[in-house]
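Going by the order they are written in, the chains are A, B and C; count residues from 1 in each one.
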Amino acid sequence: MSREGIVNAVLLVGFVAVAAWAHFAGEPFTITLATRAAIFALAAVGLNFALGLGGLVSLGHAVFFGIGGYAMGILAFHAQNYTPLMEWPFAIPGTKVMPIIWLTAIVTAALAALVIGLLSLRTSGVYFIMITLAFGQMFFYFAISWSAYGGEDGLSIYIRNGFPGLNTLVPIQFFGICFVLLCAVLWFVSRMERSPFGLMLNAARQVPHRVETVGLDPQRAKLVAFVISGAITALAGALFADLNRFVSPTMFSWQTSGEIMIFVILGGVARLCGPVAGAALFVALEHWLGDLSDYWHIYLGLLLLLIVLFLRGGIVGFLAGRARAHD
Amino acid sequence: MTEPVIELQGVSKSFGALRVSDAISLDLRPGEIHAIIGPNGAGKSTLIAQICGTLAPDAGTIRLLGQDVTRLPARARARMGLARTFQISALAMEDTVLQNAVLGALGQAGTPWRFFRPALKDTALRSAAEAALERVGLSDKAATVTAELSHGERRQLEVAVALTLKPRAFVMDEPMAGLGAEGSRTLTGFLDGLRSEAPILLVEHDMDAVFALADRISVLNYGQLIATGTVDEIRADPAVRTAYLGEDA
Amino acid sequence: MSAVLIIEQVLNGLQAGVMLFLMAAGLTLIFGVMGLINLAHGSLYMIGAFVAAAVAGATGSFLLALAAAMAAAAIAGAIVEVAVIRRLYAAAHLDQVLATFALILIFTEGTRAIFGSFPLFLDTPDVLSGPVTLPGGIQYPLYRLVLIVAGLAVAAGLGLLIARTRIGIQIRAGENDREMVAALGVDISKLYTLVFALGAALAGLAGALVGAIQSVQIGMGEPVLILAFVVIVIGGIGSIKGALVGALIVGLTDTLGGIFLPELFKLFMEPSAATQTGASLSSMSIYVLMAIVLLYRPTGLFGARA
């Protein structure tokens, strides 16, 4: 096992250990923190796929996180009010079933990512950053003005949605769902990185004109990566909404986009488990520093500056050394 | 006469007032090495860019294997069998040598939309890539990260990636650039044997290599094609001597 | 809908656009000369507003408040440039994004720590408060009119600075060829600090001027920053002219869309639904505009063609 493999294993086992300890010690709040970290990690795994492998610096991933959140919010809202989602051309009821909600979140976000990607990928570099940020803001303002679903106040869902065969109201069971999804997506992403598509995408980031001269389309590779990335982040958004039983336009805000990116950077760009390490550290800092000071974002900012200026590669880079090319 | 593999007719391109390609007509025939020479700024690189499809000409037609490709993007021309090597190595530096070669094989196979099985475990891709590396003598470097290769080895890898495309024609932009005398000799020998596989349109500054390899030479100056002919004809051409080799050459 | 209302809204749109220009000009200048994307530009806007509110509260002088706002933003900008930004010029855009995002966190929380979470108020100066009567009998707030004039004056001044002065020549040279400028013996790092401080001062000025018509609060800078990004995408990166045109387009679209779209929908929808739909769509209108520009001119209206 490579050094990075060991770091990854320690990280994931650590997650389980913390949650298991908290469960037996009767500390449900700690389980909630671990769940929060797992969900943030999943959101960041999504961004890391576009950012690390595709080189797409998206500062608008809150769009997909928010779409996931609102997919849950809207479906559950109609289910709890016994109103149909729509009646024409055919009636669609709301639902409280997690897998259906997830699927809706993923498909909707993939469509949104396709449209945003088609527009944003006409440009590159700084333009891409600004445009993704701007589209994020567009969704934010749209959610605020969408009074049918709570507008600025958001939507509360009274009871957490269900998963067949599990009791999602038990913290450790909901943690289990989130963690298994995280691991499944990590596994899927690690396969994709080595797949023919991953090879093409990796080269498209480094030398797009080379990809073109072997007869492949680097832009389309990036677009597909952006769509996959958005879909993963949306899944996290649906889980996050279920964790809080609440959605609001904040999920679409630029701060959310920035935070998802922070998870990636804290942990290490393009490292498989970088987002996991980053999200875990973020949630820990938020908890401890937040207790120490109301102004903990100052310390977070300083830490981030130090990492950008002096600790390239983030936590995983620091622990596992330089990235190795996949074999 | 057999049909040319690449054929340019009246290809013109201007940047503002500057005519970088002035009604250029030339062809590349099966089995030959056709060298394009000319002083810096003569328009060689922009001509290559138009042939390969990264730059659209203002006028004229470009045919590849008899088909008009003037409006086709670079990747479509690559899929038809046009293999290009770059003057400045265009390789994925963070990837291994083998991965770079597999990328070429992947392009040739045209099956990049597979998301699950590792690319390097695909035996067809892998053996095509390994065969190409073998031919340029890079087999023992397959697992090396490309950034760690020497300059000469990168040039070899450029050629290997082109080979994986099973090309019908090569377009090589200064493959000898930056190679030492020894490296140039080796590559010259290699290209010499390659022409029977697919013809080569060769832009090169290394005159020893050009005179050793070329079946025909075309001379560009200020965007104009001032002469095309065999090595001896070009050596004897007064216009070429004036414009390019210099009168005292 | 009366002509008076339309003219009023057009003026409001111009006023918003001109203030956006002050933000966008600094951003685009900094990007053009140093190749840096600065997310913390919104923080400088916020600093300008807070300092102006504090100074105006203490001294009662609006002019002094404006001067202090510009000075404070410029100094904050210069400090940040020397301490952090300077290390990022050669870095990847991703690093720039993160470092400047970190600066947002520090500035935002720092301001909260100093001034508290509650909004401050900055009053328009007495001489400028109250309406004026425009030709045609339209009543319009004098202060907003002054903002339009002041903004256009700054735009003209900036244009002159870049076209006519030594500094301007160096800035333009810096946009084209950094090594050349250094070779000519210009102290490049001093030039960069100066440009950054200039951009910061413009942001601080905008914050102070706008602070008098809106409340001065934590996080006020970032929505404006993002709008300024939309301006730059529409106008084209690095172009001052593009920033001005883009800013006016965005200002007018944003203002007029909010008024006219609901009216438009009332023509074929019931009023409450029309208001709702109109409001939703108008909140998206500038982004739709941006998307359209991207489709036809990916490098913006005045950007260099790639």
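Observations
We adopt the following convention: contacts are C-beta pairs under 8 Å (C-beta built on N, C-alpha and C of every residue); 3 or more make two chains touch, one makes a residue touch a chain.
Predicted, not measured: the structure shown is a model, and the values here were computed from it.
Taking the CA centroid of chain A as reference, the farthest chain centroid is that of B.
With centres computed from Cα atoms alone, the innermost chain of the structure is A.
Separating the centre of chain B from that of chain C, both taken as means of CA atoms, is a distance of 49 Å.
Distance between chain centres (mean CA atoms), chain A to chain B: 44 Å.
Per-chain CA centroids place chain A at a distance of 31 Å from chain C.
Remark: chain B residues 52, 54, 73-76, 78-79, 83-84, 86, 90-96, 99-100, 102-104, 106-108, 110-120, 122, 125, 143, 145, 161, 164-165 touch chain A in the complex. Chain contact summary for the complex, chain C toward chain A: residues 31, 37, 84, 87-88, 91, 93-95, 97-99, 101-106, 108-110, 112-113, 222-223, 226, 229-230, 232-233, 237, 276, 279-280, 283-284, 287, 290-291, 294-295, 298-299.
Against chain C, in their complex, chain A makes its touches with residues 51, 57, 59, 119-120, 122-123, 125-127, 129-131, 133-135, 137-138, 141-142, 144-148, 254, 258, 261-262, 265, 269, 295-298, 300-302, 304-305, 307-309. Considering their complex, residues 191-192, 194-200, 202-203, 206-207, 209-217, 221, 224, 323, 325-327 of chain A touch chain B.
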